[in-house]
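Once you scroll down, you'll see the structures, which are given as structure tokens.
Shared chain: chain A. Partners: chain B in the first complex, chain C in the second.
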Partner chain A sequence: MTAAAPEPKANMGQPAPRYDAVAKVTGRATYGSDMPLDNPAYAFLVTSAISKGRINSFGLDDAKRVRGVIDIVTHENAPKLKESKLFSNGGYAGTTIQPLKSADVAHDGQIIAVVVAESYEAAREAANRVKVSYTTVTPSASFDSPGTTKAAAKGQNSQFKEDPKVGDFAKAFDEAEVKLTASYETPTQHHNPMELFSTSCAWMGDDLVIYEPSQYVYGLKNGVAEQLGIDADKVRVVNPYVGGGFGSRGSMTPRTAIIAGIARRLNRPVKLVPTRDQGFTIATYRAETRHEIKLGARRDGKLVALRHEGVEVSSRPDPYCVGGTKTTTRLYACRNVDSLVSIVRADRNTPGFMRSPPEVPYLFALESAMDELAVKLSMDPVELRRVNDTTSEPIAGKPYTSRSLMPCFDEAAKAFGWAQRSVTPKSMSDGDWLIGYGCAATCYPTQMGPSAARIRLQRDGRTRVEIAGHEIGTGAYTIIAQTASERLGVPLEKVSVFIGDSDLPPAPVAGGSNSTASTCSAVMMVCDRVRQRLFKALMPNESLTDKAKETVGIGQTPTTQAAKSDRPLDLEKAFDALGAGVVEEYGEWKPEGAPLDSFKAMHSGHVRLVGGAAMKDKIAYAFGAEFVEVRVNRFTHEIRCPRLVGAFAAGRIMNPRTARSQLMGGLIWGMSSALLEATEIDERTARYVNDNFADYLVPVNADVPGVEVILLSEQDDHINPAGAKGLGELANVGTNAAVCNAIYHATGQRIRKLPVRLENIEV
Partner chain B sequence: MRPFVYQRATDPDTAVQVLSAAATANHPLTRATAQPLAGGTTLIDLMKLDVMRPAAIVDINPLAQGWSAIEPGSERLRLGALAKMSDVAAHDEILRNYPVIANSLKLAASAQLRNMATLGGNVMQRTRCSYFRDVSYENCNKRNPGSGCAAMDGVNRMHAVLGTSDQCIATYPGDFAQALIALDATVEVTGRSGTRSMPFAELHKAPGNTPEIETTLQPGELISAFVVPGRWPRSVYLKARDRQSYEFALSSAAVALDVQDGTIRDARVALGGVATVPWRAREAEAQLKGQRFDDRLAQRAADAAFAEAKGRQHNSFKIALGKRVVVRALQQAVTMEI
Partner chain C sequence: MSEKPGSRPSGFDRRTFMAGAAGSALVPMTARAAAQDPSSSSRQDPSLPVDVTLRVNGQDKRLSLDARTTVLDALREHLKLTGSKKGCDHGQCGACTVLIGDRRVVSCLTLALAVEGLEITTIEGLATDDHLHPMQQAFVDNDAFQCGYCTPGQIMSAIACVKEGHAGSDADIREYMSGNICRCAAYPNIVAAVKQAAPEIMKG
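After this line comes the complex of A and B, so read on.
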């Protein structure tokens, strides 16, 4: 075992190497724009240079003269498309701002023309030669700009159902022995997955194939069909590999139907590869947020009052919000809780999910405030969490299915050397560098969605698993293969996995960290059906006793141990008895508490996730604790983060290698969200300024010399058959607070606004 | 990118011929229809962004044989303009006798870029001002003379506080040039009438009323070498930036000292990340020369360096930061073991 492949503890799978590792490192993995097309035309986007106003006219002569230009599509001649509703409103779209419909411009970088040419180079050159005359209206950029509107999220966003509250916050806060009121801010951020927002559309008669990085092939297929006005069965979305998503590819963007419409008109495949900077405006992003936290506590640290107010930015037409109060009002024991989420509308593109959408900004506020409270109380921040730890959430009193928050704190504290901390701020240093230690809690809801799978077993043990899941870099291929291998008792090498294709059985969106729990639960169920058929063929007269049930794997709990050790089936004999060469089973699984229309929605590309705080009689979250060492240079005020240590518990760990990789990436991302990543907006024009990888900073290796991930053993039988909580979005939460808490410890200065830049440090 | 003709320069004369023919008298050199190509890490970038639109590029890499030598001598160091940043940064004698040069190169860009990029291209690199690099912004006096300056009241955290004008506040982004200007380097320029030399300090032009004119190079002229007089083992390049590597300076200082018996006999200070051109802080040097070093002196020198600095909405912090960087660089240089 190596650091990259940790020894499995109890209730952990094997650290099997990645199924797709060789394909990826040898360049054989084919991403969307790698897919071969027959005689494609190339599209290049022209995007708006204003954020609000109208297009008066286009000057296209110069562009049309570029050799190889086939067509320039603007609102004046664009293929007509049907509108798509927002995903949260029963539709598929991440935005209802539909470009090329009229002369209106609603945000910076809106698609206003598509140049189609015989080559990418010609299309790009012609796009550079397109001239546009605008009438500009002064836009509202963000919170403080004139012309924005603000209203409560509840009532306008159908997915934001409640502002959680309980008890009498006002009175309790008023009477509290110790009080804290503090405001926090998080910046605009963009996902910037490595793979650009490409799409390729090819028609064969009435059938359309789309090659596009998507985190939801069923959603995209149905959404594009709706916009084109064709039967969804005519559309196929293929993406065996996705070069990162982080939420940006969860809902449909306008580009796909536009390119599909152009391809239909041209009767030729069309390939679009937008630029990095266009990715900032043709997809979604994490909007900036503001928070006010009020905490009231007893002298011994027990919380008696907690209020979290969050404000978020969205576009003019769409009421998107992340509304993280559902988590922050339930994380700690407290009898009197109040909350409010509001949305401010500005002239921006519509924001959307970005890795741990609610928890990243909202826990930044709460976990910073907890640290501030610990300082007020002269308490160890770890102990403050312990005093307020709980086994049931405070709003409705529902029990957590399992909660290893404090074991995570204790393990991480030990590994980090928290005990060596000198408590007084600004008391630790090394040469030019002030040293600070900080910590914070992380948590992420456990979510599941209905999923189907098809499994085909041959008599030699070769197994084919088909499921329209998504490999966004998380390790989906690997753990689906492992699950089938363990459940069927066939060697891992014999399992082939097919995902990323909407012709396969439907799986949910790869979002909300539900994929492992959902797809593996479905795969387990269908594996059991395969075993059951073979068992019946071999022992037709035996009833399915409890023992036998377990043997064929239709028992309730995922007893992979049993599936292995009791494997009585001689495959050859079973196939002979069955008189078949192949067994194939298709099945549809849905989580407990899933809505009635789950399976219908699953096929029509609508997400029906259940879990987290929304369950009826329980609440399910994964937890972790993160510790960081920060160094602040006395002279330059540069801030560096040489050590990140996190301990996490997330139910069954399917594969410690891929889990560690996710969590390590999460810790790095979390540090980055505190110190580096921020999209800068020009207040006057509401335009994104640093829309490239030189100016939008993400960490380089030298920024993260030490990252340690500790996986805790945890068993949870109340969540899903796979027993897995999902951890893709767990580790990048709370890190931002831990960093600021460490900066406070290093410098004595409390920073409440991200990102922290060297100019924000005053030592 | 727009179509262009690619030409290989087989010898300096033809390169100079082609380039000077393409330059017209009333156009800045950066707008000449033919541009020299070295490592391409700035030029190709700007062509893709449609900021530079040459009809022809003249690849000067074939001249490397004559123009890439690294020649340390007892009196002077000569560096060919086509030497790669990485080769110079790793050169033993440069590490020993010119740490300020080695570090200014090593702390720049990334390993991949340093392997491609040349010294000549490096000093000629153009500003990273976002409004300059994005042609969808109309107001940029440097790109589009007379159109205004979007950065002046826009997002200007990375912009300059020294050497600015009311036309342009773009930062000169490079690192190596600070080492050259501090050490009184000269630059060898090859043109139609042969080779001439001038102080490196005269190569770059502050924006003034013509931010589109960035250097004093004449049509067709190419940088062929840099010459650094003397040896400067007591020298430091200190660079403050947002991330640990692969990032331009928010503020940097190139410092070289000649200290004998505790007295500073000669002092060189140049500033990066804060000025529109490679910036020699002669006022700071004047404070230091002939004095015995202490922290108060360092502070006086730093204050003098930034006496004329003017901040804007997002970059005022660079004044205080720049001073601390100068102080620390001086302290480091003084305590260096050589």
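After this line comes the complex of A and C, so read on.
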């Protein structure tokens, strides 16, 4: 076994190789823009060079002269589209700024024209020849720009329901023995998945097929149908493979309906592959945030008062916010808590979900502050977490369904060698390098959404699972196949999985780390129905007791428990009794506490996630602890991060191989969020400056020497049938704080604004 | 770069492109020749198709291409070989990496007309029958990918990395594989895969 395939511990599945591994290493995996089209026209976007103002006129003569140009679409001749509401306010769209609707420009890089031509080369050249005359209005770029407005998030964003508070924060803070007040900042970041924000639209009569990387095919299907004013059944979204999502593809962007409209007008498939820089403005991003944390504690470290105020940037029309106080006010035991989230509106494209949307910025603030408090108290930061560990959240007193925070700290600390550190800052070095150790907690809400599945079993054991889930690199194919294989007792190699197609039974958005819990719970339920049908055929007079369901099994492999039982089911016999060659079952599953309209919403592409802190009488989170070693060169101030160690507990681990890889990638994302990633905004023009892979820094192989992932065994029977908490967004939370805590330990300098670059170090 | 166009035997990588971006090496042969020959006025329009034969995975492919077509777009849009991916079109991410001769090249910064007659190997040309190339197998064994979009480029780059003699240590592999971005950050697994495949590739 390689390091890539850890030995499963209790409550973990097998580390099976990825279902789609061979397709991915041979180039046979087909992503959106790989799909063959019959005689496509090529679209190229023209985007605005100003952030606010109006288009006076276009000069198109030069562009139209380019050989092969078919059409140039601007607001003056664009297909008419209906508006869609914001994803987080009950709609489908990631922005309500609809381009090509009027001459107005609302943000940098807004789509203002689409050139369509016979070839990509011609479309690109003509797009570069489009001349635009603007009337520019001075834009507001960000927090400190004149002309922004600021208001509480509560009341304007339907997903941000409350500013959590309990007790009397002011009095408790005032009377606290030890106090800390500190402010933190996180930067604008862009997802930058490897696959570009392409879309291809092809009509067959009144039916539209969209090939596009999407994390929510049902949302996109219904959203585009709404914008085009057609029946959703006429739209099909196909994307068996998605080249990374990280949240950027969860909500509909304006490009799809525009391209679909143009394709309908031309009566010809249209293929759009936007550029990397256009991806910075035609999709969403993680907005910059500011925080003020106030902690009051007793001398023994016990928290008595906690206040978290967060401020986030959004666009002028859309009240998007991540509102991470729902997590930070509940992470530690504390009787007096206060919080406030506000939104600042600027002339920007609308931000959106980016991997662990609330927790990345909000836990950076809290987990940095916890480290600062530990220093004030002369306490080991791990022990400070232990003193404030809790089995119930402090706001409403609801119990955590399971919580392995301190076991994670202990395991990771041991593997890291935390006990060997010299506590005093600036006391460890190796030649020219100052060495620092730091740690932080991570957590992420356990979320589930309604999901359907269709399963077809043949008498030879071949099984087909259909579910409109999404393979964004998470291992969805693999764990869905494993779930069906285990539940039906058929060999893994006999299971085929079909996902990434809106003609399949609906699954939730691949976001909020809910996919595994939701899709696998649905698959389990439908597998059970298949078994029940065979059982009834074979033993019509016996009741479906759990024992019977368990023992009947079907086509068991010799290793399963059912096969060893006294009444193994002969698959051939069962099919004979049923008088059929195939059993097919469709079923819809919804989590406990799901709203009444769940199943309806599931089909209409509306997300109904439940879980986390929003459950009625309990709270469910996955937890972890992360330890980081940094080295800061005392002369050049170069910062390196040679070691990242994380221990995580997330309920049932479906596949330790894919889990480890995802957590490892998450740790690297977390390091990157501390040291590399930031989208720079020109304050004067409100435009993104470093909108490419050379200037927007993401980690490369040489940035990542040592990463260790420890999977803790954890069983939680109070969350969902699959018992899974989700881990796609767990590992990149808190890492940014751990890095800064390590930099403090190395240099004695506390850094409260990300990213940390060598020019910020004053050794 | 003062060489005549087409005289470079193995195409261009990002660094030589950057160094020579202002030079002449990347001007397509036909367009350049035409520009010097006023009599062939029809050839002055670069959007007019030019006949070219590309040798891809051991097979000659005759194409009629816009002279500005990159190797990447020729593969993807004209030959339906979509394994090579477009991640930036600027030579910054490596997802489009192919081998030209033995050399790894970002195909998005290489014009198709500039590699006529040269051996192009793409991800589709590695596996024989049902046998994966050792590097492909090593990527499977070490789970060296998640979304898979950068994977064809990583694998092509990794094969060249080994053949260049740059897979002697973890640090070397990390350094010489840093032209290929993996946003899922499968990097430690990629290093493990390159290490696993290197001896077998060097052997044969």
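Everything below uses one rule, namely that the second predicted complex is superposed on the first by the 743 of 763 C-alpha atoms of A that agree within 3 Å, B and C clash if a C-alpha of one lies under 4 Å from a C-alpha of the other, contacts with A are read in each partner's own complex, and residues count from 1 in each chain.
Note that in this section contacts are C-beta pairs under 8 Å (C-beta built on N, C-alpha and C of every residue); 3 or more make two chains touch, one makes a residue touch a chain.
Computed from a predicted structure; not experimentally measured.
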| item | value |
| --- | --- |
| Chain A residues touched - chain C or chain B, whichever exceeds | C |
| Which superposed partner A:676 touches (first chain B, second chain C, both, neither) | first |
| Touching partner for A:30 - first (chain B), second (chain C), both, neither | second |
| Which superposed partner A:637 touches (first chain B, second chain C, both, neither) | first |
| Partner chain(s) touched by A:125 [first = chain B, second = chain C, both, neither] | both |
| Touched partner set for A:246, first chain B, second chain C, both or neither | second |
| Partner chain(s) touched by A:699 [first = chain B, second = chain C, both, neither] | both |
| Touching partner for A:21 - first (chain B), second (chain C), both, neither | second |
| Contacts of A:689 with chain B and chain C, given as first, second, both or neither | first |
| Where chain A meets both chain C and chain B, residue numbers | 121, 125, 692, 694, 699-703 |
| List of chain B residues in touch with chain A within their complex | 1-3, 50, 110, 128, 130-131, 133-138, 150, 153-155, 157-158, 238, 240-247, 250-251, 317, 321, 324-325, 327-328 |
| Residue ranges of chain C touching chain A (in the complex, touch as defined) | 45, 47-48, 66, 68-69, 73, 76-77, 80-90, 92-93, 95, 122-124, 126-127, 132, 136-137, 139-152, 155, 170-171, 173-175, 177-192, 196 |
| Of all residues in chain A, those that touch chain C in their complex | 2-5, 17-18, 20-31, 33-34, 36, 66-68, 119-122, 125, 192-196, 241-246, 273, 275-276, 471-475, 657-658, 660-662, 664-665, 668-669, 672, 692-694, 698-707 |
| Contact set on chain A toward chain B in their complex | 47, 49, 121, 124-125, 128, 277, 432, 633, 635-638, 640, 675-676, 680-682, 684-685, 689-692, 694-695, 697, 699-703, 757-759 |
